[in-house]
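Take a look at these structures.
Heads up, the next two complexes both have chain A, just with different partners, chain B and then chain C.
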Partner chain A sequence: MAKWGMVIDLDKCTGCQACTTACSMENNTLPGETWQDVLYYTAGENPSGQMKWLPRPCMQCENPSCVHVCPTRATYKDEEAGGIVFVDWNKCIGCKYCMIACPYGVRFYADEKPLIEPDIRDVFPGENGQLWSPPYQNPEEDWRRGIGIQPPGVVSKCTFCYHKVRHAPEGVADLDEDNPEVKEYVPACVRTCAPKARYFGDLDNPDSQVNRLIGDKHGVRLKDHTGNRPQVYYLGAGAGVPAFTPADRENDA
Partner chain B sequence: MSTSMKGMQPTTHGNALQGPLGWGLLVIAGVVLLASLGYALSQLMTSGHTAFNTSSVLPWGLPIATYVYFALASSGLGLVASLPLVFGFKAYYPLAKRCIFLAFALLISGMGVLALELGHPFRMLWVIPANLQVQSAMFWMGVFYSLDLLFLLWKFGKLQGGHWDSKTARQVGIASFIGVLLASGNLALIFGMMSMRPFWFDALMPVYFYATGITSGVAVLILLTYLAYGFRRERMPAALQRLMSGALPRLFAALVGATLLFIVVRAITGLYSNNPEVNLVWSEYLLESGLYLTSLVVGLLLPFVLLLGGLRNRPGIQVLTAVLVSLAMFAERLYFVVGGQVVPLFKGSWVPDLIAYTPSATEWALTLVGVSLCLVLFLLGEKFLNLGDMPPQMTQAPAGDPAAGDPAVEASRA
Partner chain C sequence: MKLFQTLINRRRFLQSSAAVGAAGAVTTGFTGLTGLTQAPPARAQPTRGETTITKNVCAQCPARCGIDVYTTDGRVHAIYGTSDNPISNGKLCPKGHLGSYFLYDPDRFKGPMKRTNPNKGRDEDPGFVPISWEEALDTVAERLNDLRRREESHRFAMFYGRGWGASDAGIQYPFGELYGTPNAAIGHSSMCADGSKKAKQATDGNNSYSSYDYRNVNYLLIMGASFLEAFRPYNNVMQMWGHMRTKSPKTRVTTVDVRMSPTMAASDHALYIKPGTDGAFALAVAHVILTEGLWNREFAGDFTNPRLRFLAGQRISPVTFEEKWVHGLADWWNEELKDRTPEWAEAITGIEAEQIRRTAVEFGSTRPAVALFERGATGHSNGTYNGMAIHSLNALVGSLFAEGGIGYQVGPSYGKLPVEVADYQDDYARNGAWKEQPRLDMKGTDRWPMVGNMMQECARNHLDADPYTLDTAMFYYTNPIWSAPTPQVWEEALKDVFVIDTSPFPGETAMYADIVLPDCTYLERTQDVPTYPFEGWPMAELRTPAVEPIHDTRMYGDVVIELGKRIEGPMGDYYRELGNLENYIRHLAAGFADDPGDNGVDGFESWKEKGVWYKKPYQWRQIRGDFYEWDGERYSRQMSAEEVKQHLFKTPSGKFEVRSGYLEQHADYIERELGIPRARAGLVQWVEPVYTGGDGDLHFVTPKTPLHAEGRGANIPQQMMVHQPIVGGRNTVYLEVHPQTARERGIRNGDRVRIISDVGSIEAECRFVASHRPDTLVLPFEFGHWAQGRWAKGRGPGNSSEITANVSDPISGLASYYTGKVRLERA
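The block that comes next holds the complex of A and B.
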């Protein structure tokens, strides 16, 4: 079985947020429930100040702290599905402990105040147990893997677009959107990336492009000191996010 | 104060809550409970958890802090009850039964608030035992607090049956003591084991929770014990009067002092640390908050000073300090729970700031549900379960007898 991994080249990423938009459309997420987003921040100060950005999907960690803390096994790492971390919406009790335990902030409890008004949940009220029911929905729904639109009171997260990835041919090394044979199986954020900053493939396959990129271009994992060992790797400058400083104190640092 | 007895039953003539006052307070607490529960449920049913001001970046707010406050006050009282029932400090017998019942009432109230905070409380009942995720501290929280509740009820049943010192009562007492240590220690580790939340990450968090849990428990106990006797110490049984003017206020002073010490060393460590996820919580959030500073100075430091000297034996001072410390400990729980989350996991987005959180009306209603439910249970207990009960030999000792309740003398008598 493959071990799906993602490589994001920060030297190529333009911060255009197409990935964020594609993810939101593919997975019918609410405003603010950004399973995949791009963080913008400044680092340093004049004359060496920098403007940086960082795309942030779920890291699908090899040693996921969210899975360890879940009291119901609702969140689990599915080795049969390439090591993707899922949330079983039939088991989640909404205790939100996984959101506390995740060092990357990529879990969402969408049953919260709306980010923008009008609340789109009021515009498209939920039907059949869904939190909200927009007219277009991804037809592939699998609540045991947190795919589709969630019911109220559960945690949601990026699934590496498993509803697409799972159709990939057995043994394929890379899911490259430029390869017509597999392009339908590529995660939405990867397929839409205009500067081709994202790569998706099998970390267990020695011939995969993701492995070559990690090896040749010094791939690093975000917040590696947490020991969570992400299956998402970053290339180029910028994966070292500076420490948080409140805006009013930045000049004091 | 009457020390007359009917058979082996101690007198409860002084208990103000068994009269009209008890009914009056019960009606008020019941109305508050129904109103706050009604409001909270209507909000939750119509708006779901959008009625909370928590969010995906700050998922745990006031309801969790309320649960932690109640659960730890309950554990604190469970530990205080162990003083006479496990460790032989018989001077504490007059409060043992009230301690255990209050521990039960507090725990039920805390669990009730927690249930209303969860996304799917009823699913929890089957999905946790069915999946046995032993890696999760929250799984063990469920196990240990359920055992704690069971042992509290069992122990209370023993005392209700007059078995103060039987072999089984002692064994249940020891089991309950261990249950309390495991439950509250494990609750501490839910926070203390989170290395990705450095403000909480602390192997000694259980010790902090034990100490501060007893402090909050004793504060509630003192307040409600005075309430039971109409805020008049002379209406209390002699043995209880001795305890309230001797060992208990001294213990309370020491506990408030220990709590202050814990907070001060945590503050010093946090301010000294370069790690912004700890440092900023203290420098930019806790010590910048007027309410938090007030809770420290007025709610802990002032009571500590008042309790240091001879003033501590005055009923008025005891009630005042109990109220102040109860409120301060509640604030401490809220700032502790929120403090671990206010620093964003990533520096990000234009004007980075600490994550803002102010509890919503629904969240405060849940806190009110907890407080009023606890009061209703307590008032029912005082009215029908004789919470001031104590072993017969203690009620027989005349007021002012220094030997009564002395473990050494009790032992030599035995």
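The block that comes next holds the complex of A and C.
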């Protein structure tokens, strides 16, 4: 079985957020339930100021802290599915413990006051147990893996688009969207990335392009000191999370 | 039809279940617990229907990305770039994926309607009532016939914005010639980017945006173009960015702009320039390229004596310089450039002389190099001259029509229509009173002799009855009552005009409409889409509906044809002969039979299947100062000077002109409007910008952002929640201000502020951005709707257009969007 990994080259990323919207469309997330987000940071002052951005999917950690804390074993790391971390919506009780435990802030609980009014859930009310039911929803659904539109009261997260990835041919080294044979199996964020800043492949295969890139360009994992060991690697200048300081209302940008 | 039926049933079901959903929400609220809910019933994967993929073209910006639209059980649920489409190559920008939300926008118009409330205004409910298409079309046609009988047909105007091709905007031109109005196709280009087109027409004779060979360029100088946010074709530009920044050698990028942006942040050098002064920067770069001897001699020409050189402040003898493809170079140096030193430019632009010199040396010594610009540089009173100065850098380094350089787009091999306009014109169409009338916008008159369009003038001209008042106006893909500079004037003007809106969405124009003839969204349309300037070789795409129209809407092209059929006289026969839109498009596609595309497309059916027809490569190439034509295998056939003039440099001299023959033809006008002495009118030169908006002490710039290039996603909540106006805002868009500028006015980060010019004031929430220039406020363009749907309406910040004066570049006519001065205070 492959161990699925993602590589994000920050030297190529333009911060456009196509990954974010492709994900929101593919997975029908609610406004603000951004499984795949891009974070912006600014520093310095004119004329030498800088701006950085960091695309952030779920890291699908090898040692996921979210899994360790889940009281119902709803969230689990599925080695049979390439090491992707799933939430079983049949078991999740929405206690949000995992959201606190995750060092990367990539878990979401959408059954709250809407982040933007009017509430789109009132426009497309939930049917068949779904939290909401937009007409444009992806027909793929698998609640055991947190795929599809969630029921009320559960935590949701990036699945590496497992509903696509699961169809990948056995033994394939890389899921490269430029290869017509596999493009339909590539995660939405990777498939659409215009500057090709994202790569997706098998971390257990030393010949895979993701491993070559990690090797050649000194791939790093975010917050490695936590011991979570992400399956997402970053390349390029600024491949790290800027230190967080609480907002200074007067001075911060 | 079965799909349509299924959707109707589902919609009814949604409506009936809405009440249940609301009740459920109330119950949840009473529990006071947002967490621990009962575990839902276990379930696994359900069955699903067959998924079909149709080819379409995204309609959210001008880029024209080919898209694959995924539909299952009659519902569109995913959009990805088409892999074998040369622009999208399987990729999309952030807007593209959100296309389904347009189709299923709950605020869309469901069918044709007429107004019942005669009063018009922001707060007036139009009182729309549904009518049949027959009644709607008959009502409009009767009005048009009546105008024609009274010989006032010129008082009917058709305004269009994002036209796609022959089958929508293109269909308007014959309508005007048959019906009898000079106003059948008033485009929005003067509120878009006519400045860059005019700068190119004035220098190289092509009134067009350029095509670029990013694959092979090694240096990019980007000026005011928002390259990584909104430069077209955006998606492809980003693909090329990934290529340029990883190829060997890596393409070096210097960006000159008025604000921090993703482009500035991602470039090798970011230079912050004072708004409206890009021309001064470019002239100083040109000065250094010449004094340092870095120009391309094979293209531009050389001194007859190798010991001669350009020395700052010193004239050269024109007879000692032998010009090749750059006409007027010696004059340009003597009359303008010799004194345009980096030190001179520093005082005007605010960019240090050393940075200008470094940019010039890099640009001049890296081949191929391209200088690229858009309306950041041209949206000013001096915009055409700014653009000419920047474009002249391409001539100095010889990148015109070169590998890794810049070219122009060739149109597709469309077939002929089965009807000729001349055969269906009656006496009135040929010689009627309308022939004596100018266009409402005064294009082509002594007031605006060089412009392409002047839509922004129409409201004022109507109110002044100069040249005349409008009677009836139809709008397609444009909304000047909200987007024009000083749109307040349009709100007055359209009160007594019979307004026909064709948008599928309840925008501001619709709120003033007397009749609504709603178009289909792009996922429901058949429509031809020739490419915007891209890589030069011809290309035309085709939209194919993914689903039948889910509401009672009709494609705009069909609406124009149906109106045409109802006009008295032979005009009706023209449109009956044309039949319908699909028939029209089939005739266009017939042209491919004699000129099949590289992907085998040779007619309508194959065009529909592939979604695109194209033929590579570009026909012409300049190699070391000589021009060659493609012979089928390589660029081998050398072109004569006449051929170069016919196909490439369409100027009076047949060369690139730094002394513009085109502008010299209008020297009297230029002297009158810009105060430039007649004899100097043609020179590429520095012209002081005239800032608008009154005595404000701050510049006000209104950029486009990646999620909002043309503002078409205003009613998409998903878009609003991820819209990052540069500094990470959520749920709103911020006015970005340098902290020092704010503090001097007692403004704290996050305060509500008021931005004031002499045409109005708007409010916004402010964010401190220390990387912006302290003298420049930044507020993204196209926010602050007072209509457009439940999410868009009434959402902040204010609409930047409402404090933007309606002042335009006299040469190009481009509205000066980025030239405003404002004051800032706490609200």
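As a working rule, the second predicted complex is superposed on the first by the 239 of 253 C-alpha atoms of A that agree within 3 Å, B and C clash if a C-alpha of one lies under 4 Å from a C-alpha of the other, contacts with A are read in each partner's own complex, and residues count from 1 in each chain.
Please note the rule applied: a residue touches a chain if its C-beta (ideal position, glycine included) is under 8 Å from a C-beta of that chain, and two chains touch if they have at least 3 such contacts.
Only a predicted model underlies this, so the values are computations on that prediction, with no experimental measurement involved.
When both complexes are overlaid on chain A, the residue A:Gln17 reaches chain C alone and has no touch with chain B.
With both structures placed on the common chain, the touch criterion links A:Leu39 to chain B and to chain C.
When the two structures are aligned on the shared chain, A:Gly215 is found in touch with neither chain B nor chain C.
Touch criterion met: A:Lys91 reaches chain B and chain C at once. Within the superposed three-chain model, A:Asp111 lies in touch with chain B and with chain C [touch as defined at top].
Shared-chain residue A:His68: touches chain B; no touch with chain C. Of the two partner chains placed by superposition, only chain B is touched by A:Thr226; chain C is not.
Of the two partner chains, neither chain B nor chain C is touched by A:Pro206.
One of chain B and chain C touches more residues of chain A, and that partner is C.
By the document's definition of touching, both partners, chain B and chain C, reach A:Pro152.
On chain A, the surface touched by chain B in one complex and the surface touched by chain C in the other have residues 32, 39-41, 91-96, 109, 111-112, 152-154, 249 in common. Per the touch definition, chain B reaches chain A in the complex via residues 48-50, 52-57, 59-60, 118-121, 123-124, 127-128, 131, 133, 135-139, 141-142, 190, 194-197, 276-277, 280, 284, 340-341, 343-354. Across the interface of their complex, chain B is touched by residues 32-33, 39-41, 54, 56, 65, 68-74, 91-97, 99-105, 107-114, 119, 152-154, 226, 241-249 of chain A.
On the chain A side of its complex with chain C, the touching residues are 11-12, 14-18, 20-22, 24-26, 31-32, 34, 37-42, 44-47, 49-53, 89-96, 109, 111-112, 115-116, 118, 120-127, 129, 133-144, 151-154, 177-178, 180, 183, 188, 191-197, 249-253. Residues 7, 10, 14, 17-18, 20-22, 24-25, 28, 34-46, 48-49, 51, 72-73, 75-81, 83, 90-98, 100-101, 103-104, 106, 228-229, 235-236, 238-239, 241-243, 245-246, 260, 262, 264-266, 270-272, 706-707, 717-722, 724, 726-728, 730-731, 738-739, 748-750, 767-774, 790-791 of chain C are the ones that touch chain A when the two sit in their complex.
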